[in-house]
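The structure appears right after this line, and notes come after that.
Which chain is which? They are A, B, C, D, E and F, in the order written, and residues in each are numbered from 1.
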Amino acid sequence: MPRPILLFTGPFSDRPLDELAAKASEWGYAGLELATWGDHFEIQRAAAEPDYCQAKLDLLARHDLQAGVLAAFRVSTAVGDIIDGRHQPLLPDYIWGNGDPAGVQQRATEEMLATAQMAEQVGISTVSGFLGSPLWSYVAGWPGPSTEMVDAGFDYIVEAWAPILERFRDCGVRYAFEVHPGQIAFDLYSTERLLDAFGGREEFGLTFDPSHLLWQGIDPAEFLHRFADRIYHVHIKDAIIGLNGRAGLLSGYWPSGDRRRGWQFRSPGHGGVDWEAIIRALHQIRYDGPLSVDWHDPDMDRDAGAEDACKFVQRLDFEPRT
Amino acid sequence: MPRPILLFTGPFSDRPLDELAAKASEWGYAGLELATWGDHFEIQRAAAEPDYCQAKLDLLARHDLQAGVLAAFRVSTAVGDIIDGRHQPLLPDYIWGNGDPAGVQQRATEEMLATAQMAEQVGISTVSGFLGSPLWSYVAGWPGPSTEMVDAGFDYIVEAWAPILERFRDCGVRYAFEVHPGQIAFDLYSTERLLDAFGGREEFGLTFDPSHLLWQGIDPAEFLHRFADRIYHVHIKDAIIGLNGRAGLLSGYWPSGDRRRGWQFRSPGHGGVDWEAIIRALHQIRYDGPLSVDWHDPDMDRDAGAEDACKFVQRLDFEPRT
Amino acid sequence: MPRPILLFTGPFSDRPLDELAAKASEWGYAGLELATWGDHFEIQRAAAEPDYCQAKLDLLARHDLQAGVLAAFRVSTAVGDIIDGRHQPLLPDYIWGNGDPAGVQQRATEEMLATAQMAEQVGISTVSGFLGSPLWSYVAGWPGPSTEMVDAGFDYIVEAWAPILERFRDCGVRYAFEVHPGQIAFDLYSTERLLDAFGGREEFGLTFDPSHLLWQGIDPAEFLHRFADRIYHVHIKDAIIGLNGRAGLLSGYWPSGDRRRGWQFRSPGHGGVDWEAIIRALHQIRYDGPLSVDWHDPDMDRDAGAEDACKFVQRLDFEPRT
Amino acid sequence: MPRPILLFTGPFSDRPLDELAAKASEWGYAGLELATWGDHFEIQRAAAEPDYCQAKLDLLARHDLQAGVLAAFRVSTAVGDIIDGRHQPLLPDYIWGNGDPAGVQQRATEEMLATAQMAEQVGISTVSGFLGSPLWSYVAGWPGPSTEMVDAGFDYIVEAWAPILERFRDCGVRYAFEVHPGQIAFDLYSTERLLDAFGGREEFGLTFDPSHLLWQGIDPAEFLHRFADRIYHVHIKDAIIGLNGRAGLLSGYWPSGDRRRGWQFRSPGHGGVDWEAIIRALHQIRYDGPLSVDWHDPDMDRDAGAEDACKFVQRLDFEPRT
Amino acid sequence: MPRPILLFTGPFSDRPLDELAAKASEWGYAGLELATWGDHFEIQRAAAEPDYCQAKLDLLARHDLQAGVLAAFRVSTAVGDIIDGRHQPLLPDYIWGNGDPAGVQQRATEEMLATAQMAEQVGISTVSGFLGSPLWSYVAGWPGPSTEMVDAGFDYIVEAWAPILERFRDCGVRYAFEVHPGQIAFDLYSTERLLDAFGGREEFGLTFDPSHLLWQGIDPAEFLHRFADRIYHVHIKDAIIGLNGRAGLLSGYWPSGDRRRGWQFRSPGHGGVDWEAIIRALHQIRYDGPLSVDWHDPDMDRDAGAEDACKFVQRLDFEPRT
Amino acid sequence: MPRPILLFTGPFSDRPLDELAAKASEWGYAGLELATWGDHFEIQRAAAEPDYCQAKLDLLARHDLQAGVLAAFRVSTAVGDIIDGRHQPLLPDYIWGNGDPAGVQQRATEEMLATAQMAEQVGISTVSGFLGSPLWSYVAGWPGPSTEMVDAGFDYIVEAWAPILERFRDCGVRYAFEVHPGQIAFDLYSTERLLDAFGGREEFGLTFDPSHLLWQGIDPAEFLHRFADRIYHVHIKDAIIGLNGRAGLLSGYWPSGDRRRGWQFRSPGHGGVDWEAIIRALHQIRYDGPLSVDWHDPDMDRDAGAEDACKFVQRLDFEPRT
């Protein structure tokens, strides 16, 4: 039986959930990965208003959609990041407050504790998100960090997240961290290191997204096999490398779509990701969770693209050998 | 006439200059790019001791070596970087002081002003170095910086460096910034942006080093043509990409030589850099400065490698069409 | 809104227009790029017979097709070429006459003047075609031309075409020259040179066709970005490179489909052209003219192929970000 | 025993033979391929002055050089080409005359007849050169030639050259035609066609030059195996393909070294030719003639390059299995 | 007119023919390539039971399927192989008997004689199968065979098969041998040798299968052109090469799907075979026989895959130029 | 200190050892890997004649060569192979006898026992050789072996070799098996399986030879890292892949040098092996044994090639970082 195809609502958070859900259903999606920003799923309202959760579930049911996953990318990164001005637009005012780093991290932590509880309450078994990183500014640059600084960075993340992950465990909800540049783990070997640091907690796993592995030169299928039992969620997101001698892989200070970048996001199936290899690896590791379209493409109409992506994933997810 | 081949003394700063100079001469080098750390060329002593500069020049003359370039990579990066623990081992105590960022930057600035003067005094026309960056932690990660933050970052560098560059101009010394990951400019387009920001100052140019362009996917020869009139110095440094599906280009938290890295430094001619294309581009842009070996190779004996590198560059630098 | 998909009737000029139009409509085309040969659109009859133009428009309307573009490839090349026996089968008798080169060129020029007028009369705003070249025999061979000979060649083309282009300007019709081997401009840099030579005439632009750029090793998307404001028309034509150590890229004296050729035309989507990159570049440069299928494939049935091509372009031309 | 390494004097025809011979000997060459232009070997003087030939042989002997091959590229191409202004600078005045094509071709033919005789007289068994082509302007362009026009072109060449080749046969001298763009045969299949057209004349064979095969996408080693018994002479000439999305393989109207060209000549061993494969193919087909350096490199000093090339070929030509 | 698409029943021989035929028809197949094992087409029963053949034909007719080809892979290999334990599970008991090699070969030969007759009887004009090989154990290993041993191996196959092929000729049935690792001919040059050995027998030709050519590095389209008049049958079977530095092309002792293998079978269109090139080559050589899906894919559901494959071949087999 | 460079005498076994040793010494080799065939090192004579061993050592000493390794490839393969006519020319008459397989294997086993003793006696600590294989005929072909047959094959080898390896252990001599097509282990994963089967015997390790890994698509450096502590000996042997669409990787029935083969041996440094990666891997795993040139090249003179190879390895083996 094919896996449920979700639409991750993050890239549509400017649009009311009701309107988006109608579209998603029409485009063929089976459910949503609900962003915890915009009006899609607001943690504080869910905690405070008795009917909030049920109303959201009803809304989805009206459109024949399941609530597959809760996505907490924005707040979660503030738990482990070195806080600066970039975080303000990502956070609700009640978390940003006066922007004092220690306070922001404290309030972000509380929000993540509440997120675990709200997921349990609404019957969602997986929350996707980030961890943040105190080490990112040392990656690839000069001077690099000493071994002690790297150790300290991982310790810092483990300490910051241990209480949150315990809450997830208690709530019976899994936390699926997306390996991503900017985060404490961004490639295969830093993920190995991270999983070692967390020491086998069952509630902690990974959101797989091949787009950022592509431009780093890492084989996404190899990544799936390496962490077979920790793939808790999958993002369908494509990218293309467009080196021409001038653009570089780091893509510098330029926004999505700018031709000075060495790689770009692409609507699934329109880029360079080897999806055939990925779907087979997912079959082989017996991943049976959802496939969630995280849609970004600087050249394509968003709605037409999201529909095209759903059809692409339907064709892609062939029936595995039983 | 072939260009002078220098040995950059930075990778040998653990060794007394006298001993290193004897070796360099024996290996075939025509001169040195003197590090301003170790005992190779100490700015404060040069400024304070009347005979220091002449003694260094005499030392080099004894070994039949020229003093080609002064290298200020360590102190210079502290001018524009966000200061943290990584900088302490790079800086002399009198600059690090108590490590308070503002104080460190102030003292690093003063050291660079003195560096310009000492270069003039010792008859060296080019100083190589870095600029630092307040933006590096935002490159390639998430969340990325806003356009305003990028603008502010470049403004910050221009402001911090304007007085130093004016001193260089007054001293008749050129400052050759090395485009490098971790710095404000690390690829072709960020270099364009940087040169725009500095608005055509004649005393400001570039140290070309192809090794870091290689793994970012940028064509080093294209870089030379793009900034033909701003190539003030050249580092000969090689690297190799060794992707195997698991390692990534960012190379993570792992030290030089670790097989989990997606690329490694290599002794010149033993890596993946297309030196033939580079020497032709240098001919075409009529670069007539030195070629300075910046030697790094995790697998090779340092002395044998430095000698091998000198012979490699001698073969490489063929006579151009006049 | 997707761009209109036209069928260029040139490859079907052996078939009566009425019959072809019925087919084109059935295959899904929105309009035709009408050849000025066969019975498709005869300039002299259009000029001489009062009802000719209207009758053609009525014919197209009956099949629900628009008259998108007028294609004057055959006569136009005779304006600037060195005339020889190859031109006779391409030209109507009243232009070829006795084949004396000066006379042929004179009569071809007059025909192009009339073409501009007929396009205006029939309400077509773009004419596609060639320019010819007095220089082609010097390209890639030996002995090559002197700089003076190249200058003279461009002067010759400008002189021959200036009066024709003035007529186009006066008629409010644009002339879209196809960059093509055999013509004065056949690659990116010769096109730069040509546009310089014409000095910015607004009525003069380009018909983009990626197939011939492919085998010359030029990136079609780069070509679009380079001449963004001069892309007046687009041909959808595919090709494949099939080097095997024996065939060469110049493809010698051998006809289409012969295995001794190093490249072959292919039905769109069945060859080596990166259409995804091209459609994105067309979006980025905001080209909003038609996409005209110029169908050639030595292995495929012409009718089945033309239908397949229309469907291919429909899928290709995704909705751009607004 | 290694094959004799010759220096083709054509690229040095601005220099007196005596001076060049002294250099060539010093650089390590075993002999010269003498250009029939400059003062290197003037056919008319050789025919008219009783001591001319012996004086040349004495000159070479003084420098310990053999007279390996006579090179008639300039005049020979005028036999079969369509004559235009490009030929004037290539031809002596007594051949160009008033430039009337028929007269030029007639006088070029007579010169080639004399060339065969002078080669015999001076004891040289191989003359290298071109054939010219009436068809070049039809290659790769549009409109292409009909099959009849191609047939006529080959007939034309055969007719023009039959009397010359008969003279070569009678003199016991072989004519080694260089397959080259601009000529009637320029790739593998056009060479097949040409050899068919000449019908197996023993005195007619090929000068192999891999540089032009490279950019046409043809495997030079395959070429050698295909025409194993017709390789009468070998030019050592290298080239490199430098496509970057903008430059094209036809290299347009731009001179050697111009960065708008898609390929460039390179000093042997500094380009993209797979010499290891070529020397093995020469061993396998048991070619035992000379290896003649045809030196062109837009970036390199001519003298330093010619010396470097001689050393390169010495290393290259390893001892074959006996 | 498109070629009939058959399903080769071998990979489904565990399923009763009636059930499979119903499925195949539903999936869109036009006919079957009937395995002579399982209950699909049993040679002995066909020979012994008067109604057997007609019943099979009726069965197929009920499902609107043609009986396209008879497949005798299992028994045929026993004719020429060195018999060992691997053959027992492939052969019916009445052929295996006591497993004595000479007896097995004798009984396999008789079965092949009967196969020719049954094909004639049931109106099938082509039988696909193997030949076996006494030489396979010498391929690629050490010590290799002497020339005499290779000669003897081919003689052995010719002798063993001559009587069988004569029977095929007499019955008017063609034998289409599949070039395959393990067989006497497994690549292009061994096939040349084999056809020479058989000396032009008209009844003997080839079953083309690109999957095994792929991993051996042979161009399947080149294979088709080389043996254009001997392609008697075509298998549609795909594969993918998945080298990662550890796996090897010989794929060792590991079963299909094991990641230690350097290549894997893939459902048609999901692998690395260039089907576009193959269908064009089939058009060019005017092959008009069936396209028979030989379905293997370790990751995909067999039924879903067989249906997907039929649709893939329908799209693939475009209308050729007439 | 660089590793000793040996010449493996096997490819020169037609030449008396005394003559070969003189040459090897002159070519620059530090020692020999002595073949146990020809007159190089005859096991039976060594066992029977009291002065044989000392005489060989004296001979080598006269030429300033060390006796580095004993090579037993020919006899050793007969221990585990299925014996047939190919083995007769490889074996001395006293082992081949009447060619009865069981007897041959028995006598080969005895010879290997004696080889261990002679190695000890002559002071050689490593013997290189093969194991044979009862499974080779099942690799890559059809039908493949069952898992049970593979298990039985490994058991067979372990049983056959256990007594021999025990003798090696008792003599303090290591047996370095060369992973090679035709043998029980021929790639990375079959080597893993083999080492498992032998269960960690210290006296059993590997002779590394990259040439056969190359054409199988396996990364030789990865192989070295995988079996870092079991690399007991290294062969320097190069090869090149020369696929052209017709030749295949299995290389069929054709002898070395035949152009129908898809790969060929090459003199070290003249082929496709990445020696730079290999020497670095050898440094990293701290291999300090000899580098033994196993010279094969179908195009090159054997003596000139062996000398060239020695110089190549001298340059290659750079001084590692201490």
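Criterion: contacts are C-beta pairs under 8 Å (C-beta built on N, C-alpha and C of every residue); 3 or more make two chains touch, one makes a residue touch a chain.
Nothing here was measured: the structure is a model prediction, and the numbers come from that model.
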Neighbouring chains shared between subunit E and subunit F, ordered by label: B, C
If a chain touches subunit C and subunit F alike, it appears here: D, E
Furthest chain, CA centroid comparison against subunit D: A
Recurring contact interface, reference E-F, options A-C, A-B or C-F [over half identical by residue number]: A-B
From subunit B, the most remote chain by mean C-alpha position: E
Rounded Å distance, subunit A centre to subunit D centre (Cα mean): 64
Rounded Å distance, subunit C centre to subunit D centre (Cα mean): 38
Centre-of-Cα separation between subunit F and subunit B, whole angstrom: 48
Touching two or more other chains - residue numbers and ranges from subunit A: 219, 222, 244-245
Inter-chain touch pairs (all): A-B, A-C, A-D, A-E, B-D, B-E, B-F, C-D, C-E, C-F, D-F, E-F
Footprint of subunit B on subunit D - complex, ascending: 244, 257, 259, 267, 270, 297-305, 308
Subunit E contact footprint on subunit A (complex, rising order): 219, 222, 225, 276, 280, 283-284, 318-322
Residues on subunit C engaged by subunit D in the complex (per definition of touch): 77, 82, 85-87, 89-90, 130, 133, 135-147, 149-150, 180-183, 186-190, 193, 213, 215-219, 222, 226, 241, 243, 245-255, 260, 262
Complex contact set, residues of subunit C against subunit F: 244-245
